[in-house]
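Letters are used for the chains, namely A, B and C, taken in the order the chains are written, and counting of residues starts over at 1 for each.
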Amino acid sequence: MNARLVMAAGLAAALAVPYLVRSDFWLGFLITVLLFAVMGMAWNILGGYAGQFSFGHAAFFGTGAYAAAVLHIGFGLNPWLGLAVAALAGGLVALVIGYLSFRYGLRGSYFALITLAFAEVLRILANWAEFTGGGVGLYVPLKVGIANLQFSGKTGYYYVALGFAVLSLAVGWALEHSRLGAQLMAIRENEDAAQALGVDTFACKLKAIALSGALTGIGGGFYTHYYLYIDPGIAYGPGVSVEILLVPIIGGLGTVFGPLLGSAVLHGAGELARRLMGDAPGLNLIFYGVLLIVMVRFMPEGLMGLVWRLRRRWRRVADA
Amino acid sequence: MTRKDSSLSRRHVLAGAAAGAAVGSLGLPAILGAQPAAIKVGILHPVTGPLSYSGTQARAGAQMAIEEINAAGGIKSMGGARLEALLADAQSRPDVGAAEVEKLNEAGAAAIVGPFASGIALATTQAAARHGIPHIVDVGVVDQVVTRGLANTFRFGPGLKTIVDTAIGNLIKINEGAGKPARTVMIVHEESAFGSGMATTLNAELPKHGFEIVETIKHANPTRDFSNIVLRVQARKPDLLIPSNYYDEYVLFARALQQQRVAPKAIYSILGGGASSYKFLKEFPQAASYVMDCNHWFDPRKAQALALKEKTEKRNLFFTYEVFLNYSCVYLLADALERAGNARRDAITAALAASTLDRHVMPYGPTRFVNGQNTGAQPVTTQILDRDIKVIFPLAFASGNVVYPIPERLG
Amino acid sequence: MLDPIILLPAAINGLTMGAVYALVALGLTLIYGVLHIINFAHGSLLMVGLYGAFFLHRAGLDPYLALVVMVPALFFTGYALQWSVIGKASHGSDQNILLVTLGASIVIENLALYFFSADTRTIDTPYSFEMIDLGVALVPLPRVIAFAAALVLAAVLWFLIARTDLGRAIRAVAKERQGARLVGIDVDHIFAMSFGIGTACLGAAACLLLPMFYVSPHVGHVFVLVAFTVVVLGGMGSFSGALIGGLLIGVTESLGGLLLGESLGQMGIFLIFIATLMFRPSGLFGSRLS
């Protein structure tokens, strides 16, 4: 089938990238795109499919990042295992936050705001606690080696990030074609109606947030081992929450490829802005902000919406 | 997607061509006749985001040095090659800083100066090390910057340990010199890396020298209101107040102290945000008087320093430490280039490691790098006297006499 | 660490600071109550107000007198922003409004950075250091003025919404958008008016805040989260809620800081936020424009 061929070609191209792209800068760029595609998909599960908008995904990212960092630095846990633990930690925190939020029936903006508050609480705690290094943060010691998830060049990190990106696409695709996915979409469209139809909305939403938290946690763990430094602001600050939610919204909510597309375009736009606007402080960000507004104005359904609109138009032309 | 691919390969080709041209022209200035190829220097700072003020000041200092060096004829040993600044913005984030290093690498930067903040410095020095780019760290005080064994990293300014040790040493001298009027201490510090690190060391060391720390208050960044902290200072009545904060918080704190009429025997700031700031002095002369600070400072005896101060103020900028530290870092690089005679990264790194530069504006003596740290680097203790910021310690560089304890204020 | 003697002055400090939070939150609660949007741009608009007051002061106009200029100026800014940017771009969808206000806040903040540089600016007025002696505490005059102003502003807003035709139209739109349209109310205009009035409140807040604070391109971030907490605590759309909520949050912050330390004490604000959302999401005074 056409779609399968395209995806296979895409995967092959993605695998070949480190051999085609010799620029460390662009490899690093792609790693960032892939990392946020993963976390964007995580957000998408809760926000796009289940319709619950979270403003505090930093809570899961930061927990994953700290879990990986603390266990590796303090207890010598192997970083690869650390990624699994990061996922677990992210999922657990998500369950707690989800339980509290959904048990009390929070939806819409209320849910968004409470997730924001939880992330802030975690940030303040991380700043205060000793084992997280407090305000000083945590440094992962330099020790290059595959077993240590540290590579001398970017290629190793690229493949790890690519692996997780493919995983996230698989998760999205599986979700879309699963019963849980259908239930989540029903909840998104009309939660009360779904409840009336017999969907256990509470359990479904919990599953969605746990999955979302786990996947975001992996992103946090990866961040720790890639950048080798975290502190409460980086881990739990509102900046990363916003960056994560921008990705699927721009890319297309409730779609499999939306987050990947959104991440590529958002980061590409940021880079474009930087190159176009030169050195004066702030100009590039002004351009970026304007671009964001313009994108929303002309692509209200995100990039995937645009893709589908174009496909329909092309199909109509082809049929004519 | 196709368009992006072609732009990727175009960029790759361009970068390769540029690198090739740069390398090619390096060895043959005489034959080329006209201007030798410019030496590209990465100037990387957080010019946007919460640290933007420090970043823009730092960039200005570096740019002034580059202008001066070029005006004086460039790098003489390389046929008068000029320095070309490649300006980069770390956006107050370590990940962006690291990405900018990659960009600078591909743009052919011979060396990098920056990036001011400790967290960002950890990421940029590592990224630079992977490509063997010599990286001069301007401020970045956290100790880990130079303890990871990266051969390309050179920190020109002092590290946190040196700063705190010097601060304590000077404090003891000041206190003993006045007959030990101060015994109780209260520390008010900001919650992030440098404030917390500072507080921990002070709590460990000060008691050993006869000081009693009655309370240590950690406050958030940002803090909107210092009235309650001031209430606690008022309740505890410490002899000595040691603040360590960023500028905005320091302003609010100092104003609150003045409002509540709280006047300890002395205010001895360490890496204070406003305690040795001309800006703070200009805007709050009353709150600023007699405040001491142990911080980065220029050598007031050097004519070059005073000339730079004048130049900076002519540009309507305050003469802050980011300016003179980065200015000196660029001169450090220029000196290394002169001795290396070429702009190869390994040659520059070797030249920096052997550097003994005295022609900078800091009170450090000739540079001497051991494991990437300039061992001569030291902070200086200043005090605001007669509406000016004077150096009171070390005595060799002093431009004023310490007034301690603070005389009873009026009103 | 908790010295009983400073409890009362600390609580008073909390009240006066809380009044400032209320000032910032009053506009936000109106915008939320009517448009049901989380206004990401609120902080940056406060920053705009602060810069306006700062430059007017430089030109010789006292910040309290500058109210006359800043309030209408920010009203028009808010109206224009909602009419031509937010309303047009978002197509009414909640998530898009979020993105647009976010984009707007990035643009506004960096415009300030570009034009005014990153410098932190403060002003000095003859009354900045004048203190009112309450016996148990010394309170700076600007704070007392801000406290009084918060009460006045809340009353003015209440009057506007409860007793004027415009207020009735706003309430109608807030309650039932489609219904309001059906009876002939220009909903888009009402949205813009609400956003404008909400932003005008920020203009007032800015003039009252400047004598005791500072302005920089990033100053908006300092107040945004607290403002959201106050709005949620007080009830979205309730002015008395914003007022009482602000005072409560201020006192909690103060006492929390004494009990847990200034850094950890910040948690008190967010724990209240979370508890309110869980146990009484409509806030102290419920979600109505009152």
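As a working rule, contacts are C-beta pairs under 8 Å (C-beta built on N, C-alpha and C of every residue); 3 or more make two chains touch, one makes a residue touch a chain.
Bear in mind the structure is a predicted one, so any value in this text is a computation, not a measurement.
K.L.:
In terms of C-beta pairs in contact, which of A-B and A-C ranks higher?
P.N.:
Between A-C and A-B, contacts are more numerous in A-C.
K.L.:
Which chain has its C-alpha centre farthest away from the C-alpha centre of chain C?
P.N.:
Farthest from chain C by mean C-alpha position: B.
K.L.:
Taking the mean of the C-alpha atoms as each chain's centre, how many Å separate chain A from chain B?
P.N.:
35
K.L.:
Averaged over CA atoms, how far is the centre of chain A from the centre of chain C? Could you give it in whole Å?
P.N.:
Here the centre of chain C sits 32 Å away from the centre of chain A.
K.L.:
Residue numbers in chain A touching 2 or more other chains?
P.N.:
Touching at least two other chains: 124, 127, 281-282, 285.
K.L.:
Tell me, which residues of chain B touch at least two other chains?
P.N.:
Residue numbers touching two or more other chains: 47-48, 52, 55-56, 191, 218, 220.
K.L.:
Can you pull out the residues of chain C that are in contact with at least two other chains?
P.N.:
Touching at least two other chains: 110, 113, 117-118, 217, 261, 263, 266.
K.L.:
Spell out the part of chain C that touches chain B in their complex, as residue ranges.
P.N.:
That would be residues 1, 3, 5-6, 9-10, 13-14, 17, 20, 110, 113, 117-120, 122, 124, 128-129, 131, 138, 140, 212-214, 216-218, 221-223, 226, 253-254, 257-258, 261-263, 266 of chain C.
K.L.:
Show me the residue ranges of chain A that touch chain C in the complex, using the header's touch definition.
P.N.:
53, 55, 100-101, 104-106, 108-110, 112-114, 116-118, 120-121, 124-125, 127-128, 238, 242, 246, 249-250, 253, 280-283, 285-286, 288-294, 296-297, 300
K.L.:
Name, in rising order, each residue of chain B that touches chain A in their complex.
P.N.:
Residues 4, 8-9, 11-12, 15, 47-48, 52, 55-56, 87, 89, 93-95, 98-99, 102-103, 105-106, 119, 122-123, 126, 130-131, 142, 144, 148-149, 190-193, 195-197, 218, 220.
K.L.:
Flag every residue of chain A that touches chain B in the complex, lowest number first.
P.N.:
20-26, 28-29, 32, 124, 127, 134-137, 139, 141-142, 152-153, 227-229, 231, 233-234, 268, 274, 279, 281-282, 284-285
K.L.:
Chain A touches which residues of chain C in the complex?
P.N.:
32, 36, 38, 85, 88-91, 93-96, 98-100, 102-107, 109-111, 113-114, 117-118, 217, 225, 228-229, 232, 261, 263-264, 266-267, 270-271, 273-274, 277-279, 281
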